[in-house]
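Consider the two complexes below, in which chain A is the common component and chain B and chain C are the respective partners.
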Partner chain A sequence: MIKFVIKRLASGVVVLLAVSVLTFSLLYAAGGSIARNILGDTATAEQVALKEHELGLDQPLFVRYFTWLSNALKGDLGSSWFSSEPVASSLATRVPVTMTMVISAMIIIAILATLIGSAAAVKRGWVDRVVQIGAVIGDSVPGFVIGIFLVTILAIQLKMFPATSTIAPGVPASAWIASMALPVVALIINGVTGGAQQIRSAVIKQFEKDYVRTLRSRGIGEGEILFKHVLRSAAPAGLTVLSLQLIGMLGGVVIIEQIFALPGIGPLAVTATSQSDLPVVMGIVMYTVVVVIVVNLIVDLLNGWLNPKVRVS
Partner chain B sequence: MKFGPKKVLMAGLLAAGLALSACSGGATGGSSNAGGPATTALTLGTLQDVRSWDPAQAHVGHGLQPYQAVYDSLILRQPDGKLVPMLATEWTYNADQTALTLKLHDGVTFSDGAAFDADAVKANMDHFKKANGPQMSQLASVQDVKVVDKSTVELDLSVPDPALTYFLSQAAGLMGSPKALETEGIKTEPVGSGPYVMDKASSVKDSVSVFNARDGYWNKDLQKFSKVTFKILADVTARTNALVSGQVDATLLDPKNGKQAEGAGMKLETNQVDWQGLLLMDRDGTKNPALKDLRVRQALNYAFDRKTMLDQILLGQGTVTSQPFGKESGAWVESLENKYNYDPAKAKSLLKEAGYETGMTLDVPSFPGFEPILAVMKQQLSDVGVTLNVGAAVMNTFTADVAAQKFTSMYFSLFQGEPWVAINQMINTNALYNPFKSTSPELKAMIDAVQTGGDNSSKLAQKVNEYVVDEAWFVPLYRVNQMYYHNNKITVTPQIQMAVPAIYNYAPAK
Partner chain C sequence: MTASVTPEIATGQTGTVVRSTAIRRLLKNPLGLASVIILAVIVLLALFAPILAPFGENYANIGKTLAAPDSVNILGTDSSGRDVWSRLLFGSQITLLSAVLCAAVAVALGLPAGLIAGYYGGLFETTSNWVISILMSLPGLIVLLTIRAAFGPSVWISMVAFGILISPSYFLLTRTAVRAVRNELYVDAARVSGLSDLSIMGRHIFSVVRAPIIIQTAGICGVAIAIQSGLEFLGLGDPTMATWGVMLSEGFKNVYLTPTLLLWPALAIALTIGALVLLGNAIRDALEDGEKIKAPKVSKVAGSVKANTGNHAVQKGTEHHLVKVTNLGVGYPQADGSIKKVVDDVSFHVDRGEVLGIVGESGSGKSQTAFSILGLLPDTARIVGGTIQFDGNYTVQPGDDRVNQQRLSKIRGRRVSYIPQEPMSNLDPAFTIGYQLVTPMVRVLGISKSEAKKRAMKLLEDVGITYPERTFKAYPHEVSGGMAQRVLIAGAISCEPDLVIADEPTTALDVTVQAEVLDLLRGLQSRLNIGVILVTHNFGVVSDLCDRVVVMQNGRLVEEGDVREILRNPKEKYTQTLLSSMLEGKTPMTMLVSTVEEVAL
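Let's look at the complex of A and B:
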């Protein structure tokens, strides 16, 4: 078990390095006039050259990459070229916002998708049809459209929620919850319908298996069969879908954060990428890769815990 | 366990309940600054956070307002553009416009206790000149800053600069504490002599900046609120929602979202800051020989139905024009306004005279946001036999590409500022948007006259305007309305040539 975790973490480090090299080179290739972007239209050639020197842009790519890497290994991700704010501190204030939202959305998705998916699988008939139709609708309406709709009705018309985030240092937890509510709802719709669909088919498949018939013949109740046996066996499919959704959500959250003006990673990613603010982009990419690696590891461990059959030796 | 209809219903209700319980917490955060009967707090929705609070990194346009909360400028620019005393009580040029003497206000201090005096001005200007900020060129003409006495400084210029006093009301005139200027700290926490002091603990980079009124501020008339908050809302939908739901008191919108704000009873303050149109940059015909012919450039001007384009693209929010200089700039000439009216027949005959009866091609890069207008232009140009080739979208190497003569012409939106600023942006041979460095002895003489014209320079710039319109250097289409909306808790006076007004232009509604 420990060996497995170590192996996975080691391969994670390799992925991290590979992605960092790739991102660094891509940004380098796309760059060109970062110094000019910082200085604006009126800068002279000398000013641009001076700024390039200041940022170390006059050095070869590999020198710059290894400078970045050795600093990053020491925990120093550098500072934004535009705002001079240390990347680590930007991430420290923003990651909690994004992760709070993504994790609460995932928990709600997991609960609702399991409930709805199981209901559809067990009940079939009209319940199933409603879930199926809901899945198509849920999959086809983008989260941000739902977000705009929710703001118009619940924030502007009914004034039940703030239209844009009020999250700031020192605000009470209630403000966090109120600010997060609509974005989380906008985020979960796709996840719930998609997840329910997966769990529905996995549960149906399990119910057709021989062991279910055996359990029934031994007089075990339908509820116990569902929760103790079927859902456990169906879990790997559900978890895999959820982990993919979580990773996809890291992208979807960017637009949602823009619409709700949430001070998360999204707006930072958009600005930094459009400005070619390399240290910030590198910081965000590293954070994203770490999240993906950790999520995959957790899902593998959970799968093993839930279902001994997939447990790794 | 069997799932009867009742249980399914219960499960459904439970699910709905869960979703809703995630939303409880209610409307407490909804109206952060409703604040009692009299409005004492001002919350503004701004497009982006400042990059650095170092005054030398201050920007123009939208970028200036947050700095004004915390930094006083040497000269104050009133809403109508008139320059009046602020930290400098008076200023005079010498006879040949190469030395500007400023008398300074006594008894002003910075929020860290440092005194504002001639040494502080020198420290700021020396810092500004080497800090490599986005507006560094504002002090390009200043060679030396001399401290004459405690309350007098003399700026020695290498060449006359008719825009210098204007610049001293902008980024170059912002005064930071000399004790803080060269420190790292000032990048994230400003230290000025202005009406408000930053509440660093309540501010989050790129999200919200909070300022409280400074006790004992020397210029009480300019301090109208006890608290000023800049809420960063990059997305126009977010700005609209924040405004109509009362989260912000004022913000900048666009024609489409403005309709929604108007429906919610918001008030519009509009003025014109930019012009849009074609820059026919290769007018010497280096890469596109057709553009060398004046008749071709004029034909392009006659080819567009500006009024219809304005109505379609900007819902009529603007004014059609044939000149690149702004109405309040002093260089604006009434007779040039409609010099090139829509006349496709005339365009065709001019093209025929020039030998392009069988057609010619115009290459422009594509811009995010300009796709609709480029599509309309393509169609209108094809009516007179001109093919508009819309190339690849510009990258963030844009300015370098312009400077490298990559584009022979392009559709663009340009700021209409003070004449001398505008000339150095698009007409002078050092201007970024004159990459092919077109000029003539006649034009050079006109530009020189503006530079040395002192108080007359705006008027003298009319000649430059007439020249570039007659020579059809550009194809201006219209001046765009900036749509600044606010609620009825505050009053807002628009500031000329600014989409977002100066911070001094807001007041609690009576």
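Let's look at the complex of A and C:
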């Protein structure tokens, strides 16, 4: 068990390093005139050269990478070129907002998709048809378009929710909930429709298994068969779907936060990207990969817990 | 050589036939037709945008900003006085081109890589798996943000990048398909006949992956459009281009003034992606053989069960039979509305303590008959005639078209139980053997868990398991097939049933284990004095265990009688054929050894 976790963590670290090398070289090798970008067109050649020296841009790429890496290992991800704010501390204030939304959205998706998908698989009929149609609609309308319409109709026209967030440290929990309700709804709709569809087919597949017939022949009730046996066997498939959705959501939440003006990673990412504020972009990529690695590890552990065959090996 | 050429021509021909019927079926499907039409219209609008658009994409009339629709600007103008309709048309060009670019890059990378990895495996596959695990751990939008930060705003660069990022989906799809085909006989035949790997891949394997790739491409174009519009909505696209995402962003900035500006680009995006999604679904449906059985028919049939809830009394003088099946018919509704009968007019009975064999080859309806007694027929099955009674009460009464689950759920597990054919697949791999033995006893008999555990240990001992404690704690994958079958037999007798239905209980086992399991069944049956219905294709098993036997063929009952009578003196021709196919007690045929020698010479 511990060996398994260590092995997975080790391969996670390798992925993290690989992505950091790739991203770093991509960011720093492509942009030619970073210093000029920062200083503007009016700067003289000497000023540009001075700035390049100041940012360490006159050194070879691999030297810069190792400087970045050794600092990063000490928890220093550098500072923004524009606001001079340390990247680590701006991530620290913004990640909680984003992760609160992502985690609550994922929990809601997991519950709703399982319930709706199982209902469609067991009851068939109209429930099933609604789920099928819902899946097509969910696939057709991108989450951020749903977000735009939620904010336009419910917040701006009907004024049922705040259109922009009031989230700040020290604000009461009710304000957090009111500010996060619509963004979370915008985040979950595609996940619920898609997830329910996947859970539905996984449950149908499990119900066709021989052992279900044997359980029935032993006098076990339908409810117990569904919740204890079928859903448990369908869970690995569901977990895979959920983990892929979560990875996608780490991107989608950027747009949603921008729409609802939430002080999460989103606005930071957008500003940093449009300014080519490379240390910040690098920090955001690293945070994302770390989240993905942790999520994959959790999924692997859950799968091991669910499947005794995996547990042994 | 000629022999190898002929099948190739044949595959080519069937290929085209399948494709043309698939296209016809696609266009017959209303959703498929609608999606094709919508996409065609969007493509045409994009192609003729320069002609159709009344204004240039960036032509701004500063004097007429945020105007309502009128005869000049049919969808109104935006905050810079640009014509919304014209920008929508030009936007469709960029949107479609970027989606095609993304899909093309993804196919160009994923397809060949998947072919090579699936066909050759080895180091290339290992490396690809690594690359893929990295690509798949990155959220698309975050990567595109990075690309934007590095290369500046460009639709084309970002779509090439997204194509690379999404190429694993083609890779995985192709590799799976190729792996499945690689070891098929016709690919072997092509290889043996001297075709190069390249032409095998081109001819045989590509035809297998073609359809899934088209379906995948429809989906990926949709995803590409969504992510591209998202990027532009964030203001990170090329500001000089009119795209749907830029228009959404522009509309959102003026959401307090003219919210309708949001509507048109959002509609365009949803309509295009929706048409792609529906097209993908419709192609999938068109390629899946066999039309769907209409649902309403099934629900109408199901409704009639409720009408028939009164308890009919069984025929006088038959109450003493443990099970009595009278003129039973079982059928499956077909797509054309007819019903395919798999069991037709079958009657027999079983008494307490009696072993009845149901014999027949596969497809004779013997298992379907057994499952209708248990009430465990598949959902689609219908009772098309006859009755079943258990201990003097109907479980299928006259006029029922399904087994009455309400009545059966009181009997099943408690009074009638089941031993399946394939031991491994009939235990839930996620639970210990102990759990799967204990739970039914707790539920059915209402005893405590510790009491049930004591009984389970005793049962495991009774079915001849040497270390009951160890087996009790084991998971199904940790025991052998023979042991699993013993566990299932223990489960079947755990709640002291009156009737056990055993469906080919020894077929899946090794020959030596078969004999042991038959011994076990015989011993248990005589000790507990339970009725047994033994479903088998093997007259050897029948002669070993049964008192009476029923012979079935093609869903019908051929012959019924005392087992010794039938074995000695079979009346029907089919029974004679079945009996003569037995190996037991026959004179050995010519030895195989001599032929081997001949070949060697």
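By our rule, the second predicted complex is superposed on the first by the 310 of 313 C-alpha atoms of A that agree within 3 Å, B and C clash if a C-alpha of one lies under 4 Å from a C-alpha of the other, contacts with A are read in each partner's own complex, and residues count from 1 in each chain.
In the analysis below, a contact is a pair of C-beta atoms (placed from the backbone, for glycine too) under 8 Å apart; a residue touches a chain by one contact, two chains touch by 3 or more.
Fair warning: this is a prediction, and the values are worked out from it, not measured in the lab.
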{"item": "Fit or clash - chain C, chain B, common chain A", "value": "clash"}
{"item": "Chain B versus chain C as contact partner of A:Leu182, first or second or both or neither", "value": "first"}
{"item": "Which superposed partner A:Val141 touches (first chain B, second chain C, both, neither)", "value": "second"}
{"item": "Which superposed partner A:Lys123 touches (first chain B, second chain C, both, neither)", "value": "first"}
{"item": "Touched partner set for A:Val299, first chain B, second chain C, both or neither", "value": "neither"}
{"item": "Partner chain(s) touched by A:Ile111 [first = chain B, second = chain C, both, neither]", "value": "first"}
{"item": "Contacts of A:Val19 with chain B and chain C, given as first, second, both or neither", "value": "second"}
{"item": "Chain B versus chain C as contact partner of A:Leu55, first or second or both or neither", "value": "neither"}
{"item": "Touched partner set for A:Ala261, first chain B, second chain C, both or neither", "value": "first"}
{"item": "Which superposed partner A:Met160 touches (first chain B, second chain C, both, neither)", "value": "first"}
{"item": "Contacts on chain A seen with chain B and repeated with chain C across the two complexes", "value": "30-31, 148, 151-152, 156, 221, 224, 258-259, 270, 274, 276"}
{"item": "Of chain A, residues touching chain B in the complex", "value": "30-34, 36-44, 47, 50-51, 54, 82-85, 90, 93, 104, 108, 111-112, 115-116, 119, 122-123, 127, 148, 151-152, 154-156, 159-172, 174-182, 184-185, 188, 221-224, 226, 258-261, 263, 267-268, 270-271, 274-276"}
{"item": "Chain A contact footprint on chain C (complex, rising order)", "value": "133-134, 136-142, 145-152, 219, 222, 226-227, 229-230, 233-236, 248, 252, 255-256, 259, 262, 266, 269-270, 273-274, 277-278, 281, 295, 299, 374, 376, 409, 412-414, 417-418, 420, 422, 425-431, 439-440, 443-444, 475, 477, 488, 491, 495"}
{"item": "Chain A-facing residues of chain B, complex", "value": "1-3, 8, 11, 14-15, 18-19, 22-30, 32, 48-52, 59, 132-137, 184, 187-188, 201-208, 210, 231-235, 237-238, 241-242, 244-245, 247, 264, 395-400, 424-425, 432"}
{"item": "In the complex with chain C, residue positions of chain A that touch it", "value": "15, 18-19, 22-23, 26-27, 30-31, 124-125, 136-137, 139-142, 144-145, 148-149, 151-152, 156-157, 209-211, 213-221, 224, 229, 232-233, 247-252, 254-255, 258-259, 269-270, 272-274, 276-278, 281, 284-285, 288-289, 292-293, 296, 306-309"}
